[in-house]
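So, here's a batch of structures to check.
First chain A sits with chain B, and in the next complex the same chain sits with chain C.
And then the complex of A and B:
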């Protein structure tokens, strides 16, 4: 598989034409090679655009690229939750994987709590794979890729990027490096917390109402930043109606990149540009207009909702 | 389950291996016994059986498949039933085509009758979808059987379950297309009348479409049209359920086609005006979407008429005055629907009316608060300009375009910039100098926050350079691009400047590229701290190289690219693009 093949796939995927199962097998092999080499704390350089949850909203991902620019011109770090809930998880994930293989230094992919076998069987990705390919093979291939994805990233040694948040079991970045990440997301422990926790106005640590991960307060954030010489934390994982939200005097930023989440929440989305000087610049965008979404693959409301 | 699903999907292969005889004697009975499966498996089975005639030994044995499909047509899950009905229709067509009419009468017609009399409403729903193919294949001389089927159809029209009546209503026009005209008039029209007055609005709303189709069946006598169809259309338009009125507005063109010019002008148009001021926003939206196509339909139907042009222009005046109210509607969706199509009437009404009336609405909608309205109306500029020419519009449009190009919504800014070259052709160079508002904007658009807008801004400047010539570009554009590169702390804008150089280098003289762009590319961009800028610089060098003297290429560009390529740069993408550029440059030599 050469660069020109990859470029052709990427163009086709943008027109939502799916590769064959065999081609996906090859693609996954390549992604795997790249991902396993990456550390649990991936090193990323500025400038870079930070992207939050996408959740299979493929046409909104294309809209995102229209706003932020496409790889390789713009560098990206995706904070996970590529799949589930939207109608086009397959297209979304495959496009991101193809971009990762084509431009490994321009695109970073971090694992989210939805990049898991258990969660994808409940929230749509599994079903979509079976519906679009007639079997679970593609889902299985993708699930293996999930196991290889990095858990976090640090931009210019100053900005910590993770899907969910912090863990009481993690003091320093070295603790994260020590995790054996190549497995299904566990139900508890540091790896689970990184993907599931949320920042909240609490003292210290509280169990999360989600049933996994913790709620962590300002104190935990300050401590973690201090110990690791970091400026702030960029994370996703929670719907923000305004697209992004800063907490604790800007020490935590939540970025949300799925506009009109689940096609009904009415929220706007955002991406965060970190420029050469790590200045944050938020770009808010709305869902792609109807005209840019082909009807196919969309579930029509039954006509008693007319 | 996956396993069973896969084996059902391979049913054809299995049958081929068994041969027709064993398929009939072993496979089908086996399938018949194992019908209690998941819906997904049953759906696959219902579909497969439709293509199974060859596997059981050809049309002669097609009847073997009917039993199994009859069972599937009675299950609870809708999609399975629908698939079974589809397959049954397919099979009976093949049987009849192969001359197996006796089998149709012996097996298929009784099957339809059984389903129609089924205890459970699901089978009765399936029956409604089979009547037309059964009826079609009954020989002309067998009137008794035909009468019987029509009577059954009539019974189902009075079924106590609304879902059955609804299914029947949706199949009525299909059935009507195979029934003899006499019976359509005597029997089906009364059924239609009853369904149009059904207590359930979900049944009544199907009557709208039926009305259009029945009216179009050409042999139907005009008295029938006058006596039944037109009054019912009138009632449906004023139905107490908004869903029915919505459907009426949505199907207005089909109704007009069916009922013809006179009835449209006398009956449908007044009803339509009422829907344009309906109390439900959804209904007004549906009507607003159809204004232009309704008027188009009327004008088309009018072509065969004489002395009716005054009637048509009267309709237009009415439509226009109601449209004016819609342009002030409280609901943005109504205004947006109006903006999406109203200007399509311009070519029909001609330049005079367009200039006197439509243009005012056009400019009004351009100022709308709701961005989608502005976007839709901008999109229709071409239709208006085709009729009255852009020169009439340019001066009116200029302030609006300027305003829209600074809109909060990037798609509106994009639409406004897209129109600029068209506008420029009319306004001329003087409006686009760097001390004029438009000239300044054209350069400012390069600094937009949205990537796609920046790229379009480059395209726009390139088109304008083609139009106004290189002198204009040298004076008003190029200095701005160089400044954009030098003054941008953010790499995205330095990149925009580089992309602009690539795009413009073909339109300006060689010396300018060499003196203005080249030093900047070689000395600054290729040494930028951001890798993205370095590889875009390499790509830009590749793009501009063909407009540069050969010796400059080998003295300046090639060494610079080689430096980036030969593992001197830490970034693999920089090395890749430098290498690509070197290969391209070699082919130039």
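And then the complex of A and C:
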């Protein structure tokens, strides 16, 4: 698979033409080679655009690229939760994987809590794969890729990027590096916490009401930043109606990149640009207009209590 | 306003019943709560998301809790009357009868469009289990069936468009011979919101004017104007009708004031989020929260904040102290109520 094949693929994917199972197998092989070489804490340089949850909202991801710029002209960190919930998880994930293979140094993919076998079987990605390919083969291939994805990134040694948040079991970045990440997301422990935890106005650490991970307060944040000589934490994982939210005097920022989440929530989304000086600039955007979606990308209204 | 004809709109409104019944069936088959009857009304392979299942559980439990409280508190006043507006395929009568919380002497009336009551009747006819609960302890001489209705001492199913208020009053007072003094509970679970606001107001007012001992329970949508609410209205209206009543009373405060204005001096309103957090039994919640993974708590909270339960009382014939006592035993207690009311 050469560069021109990849470029052709990326263009086709943008028109929501899916590759064949065999092609996906080849792609996954390539991504795997790249991902396994990456550390648990990826090193990333500014300027870079940080992207939060996308959740299979493929046409909104295309909208996002219009707002943030196309790779490789823009450098990206995706903070996970590429799949589930939205109707086009397959297209979304494959496009991101293809971009990763094409521009490995300009696209960082960090694992989210939905990049897991267990969660994707409940929240749609598994079913979508079976529906679109007639078997679970593609899902299985993708799940193996999930296991290779990195757990975090640090921009210019100053901005820590992760899907969920901190863990009481993690003191330093070295502790993260020490995790053996090539596995299904465990139900507890440091790796699980990185993908599941949320910042909250609490003292110390509290178990998360989500059923995995912790709620961590300002003190835990300050301590982690201090020990690791960091300025702030960028994370995703929680819907924010305004697209982003800063907490603890800007020491934690949540970036949310799925507009009108689940086609239900009516929220705007955002991406965060970090410039050379690590100054933050948020770009807020709305869901792709219905008219810009091809027929099969039209949205079926979600359920309510009627 | 939309471009659908009146008939199309009515059909679409009637179809919301299928949706409600499927949601209830899905929650029951996942083990959220027990309802041995709902499966008789629904044949589907559809699945619902965990948050819809959990919310459906909250809705059904909360309504049933209030209904049972009302029936319990009114035991000493003789015969009670329950009127289920837009009952659709609701199985409440059978659940209550099965638990023996209503009994001979009480009357349970269900109203819906004739198209819907006909379908309900067809299901009754197919299942002996339903028939035997309907006819249990009843005088078979009182038993009558028509094309779209059924009547025996304890249960009446009536096909009518609720907007025809005169017909409604005739059916209740003359045909069903309801007493205007007996303790009477009206339930409207996702119904009035589909009815044009003036007619809906008339219905609310009709009951407070006609019955001297009356309670009204309303479960429906709210806050249509915030971002989540706007999207909700857009999504639901795609089905082919408009939610005018929702827009006329767009907040908890507006709904509460509406009921006070239309003749109910004692009114409480709570968002379903508050009901879930503060009212439903903790052990039960712990059990159902283990049934399915629900990790998206922000979406869950938003959805539940856009539904409410209102309940109210009007008691003309009781002493004030007795009325207050009854009201206080009827209400849900929660710390969050003030906050809710103001939002």
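By definition in this document, the second predicted complex is superposed on the first by the 296 of 306 C-alpha atoms of A that agree within 3 Å, B and C clash if a C-alpha of one lies under 4 Å from a C-alpha of the other, contacts with A are read in each partner's own complex, and residues count from 1 in each chain.
Note that a contact is a pair of C-beta atoms (placed from the backbone, for glycine too) under 8 Å apart; a residue touches a chain by one contact, two chains touch by 3 or more.
These numbers come from a predicted model, not from an experiment.
K.L.:
Report for A:260: first if it touches chain B alone, second if chain C alone, otherwise both or neither.
P.N.:
After superposing on A, A:260 lies in contact with chain C but is clear of chain B.
K.L.:
Applying the document's definition of touch, where does A:29 land relative to chain B and chain C: first, second, both, or neither?
P.N.:
Neither partner.
K.L.:
By the touch definition at the top of the document, which applies to A:73: first (chain B), second (chain C), both, or neither?
P.N.:
first
K.L.:
Touch test for A:39: chain B only (first), chain C only (second), both, or neither?
P.N.:
neither
K.L.:
Quick one: classify A:135 as touching chain B (first), chain C (second), both or neither.
P.N.:
Touch partner of A:135: chain B, not chain C.
K.L.:
Between chain B (first) and chain C (second), which, if any, makes contact with A:238: first, second, both or neither?
P.N.:
Only chain C; A:238 stays clear of chain B.
K.L.:
Which of the two partners, first being chain B and second being chain C, lies in contact with A:119: first, second, both, or neither?
P.N.:
second
K.L.:
Which chain A residues come up in both lists, the one for chain B and the one for chain C?
P.N.:
Correct list for chain A: 303-304, 306.
K.L.:
Please output the residues of chain C touching chain A within their complex, sorted ascending.
P.N.:
Chain C reaches chain A through residues 16, 19-20, 23, 48-50, 52, 55-56, 59, 190, 221, 226-232, 235-236, 238-239, 289, 292-293, 295-299, 302-303, 307.
K.L.:
Which stretch or stretches of chain A touch chain B in the complex?
P.N.:
45, 47, 65-70, 72-75, 103-106, 130, 134-136, 273, 275-277, 281, 283, 285-286, 289, 303-304, 306
K.L.:
Can you name the residues of chain B that touch chain A in the complex?
P.N.:
2, 6, 9, 202, 243, 246, 409-411, 449-452, 489-492, 495, 529-532, 535-536, 571-573
K.L.:
Please output the residues of chain A touching chain C within their complex, sorted ascending.
P.N.:
113, 118-119, 122, 196, 209-212, 238-239, 241, 260-268, 301-306
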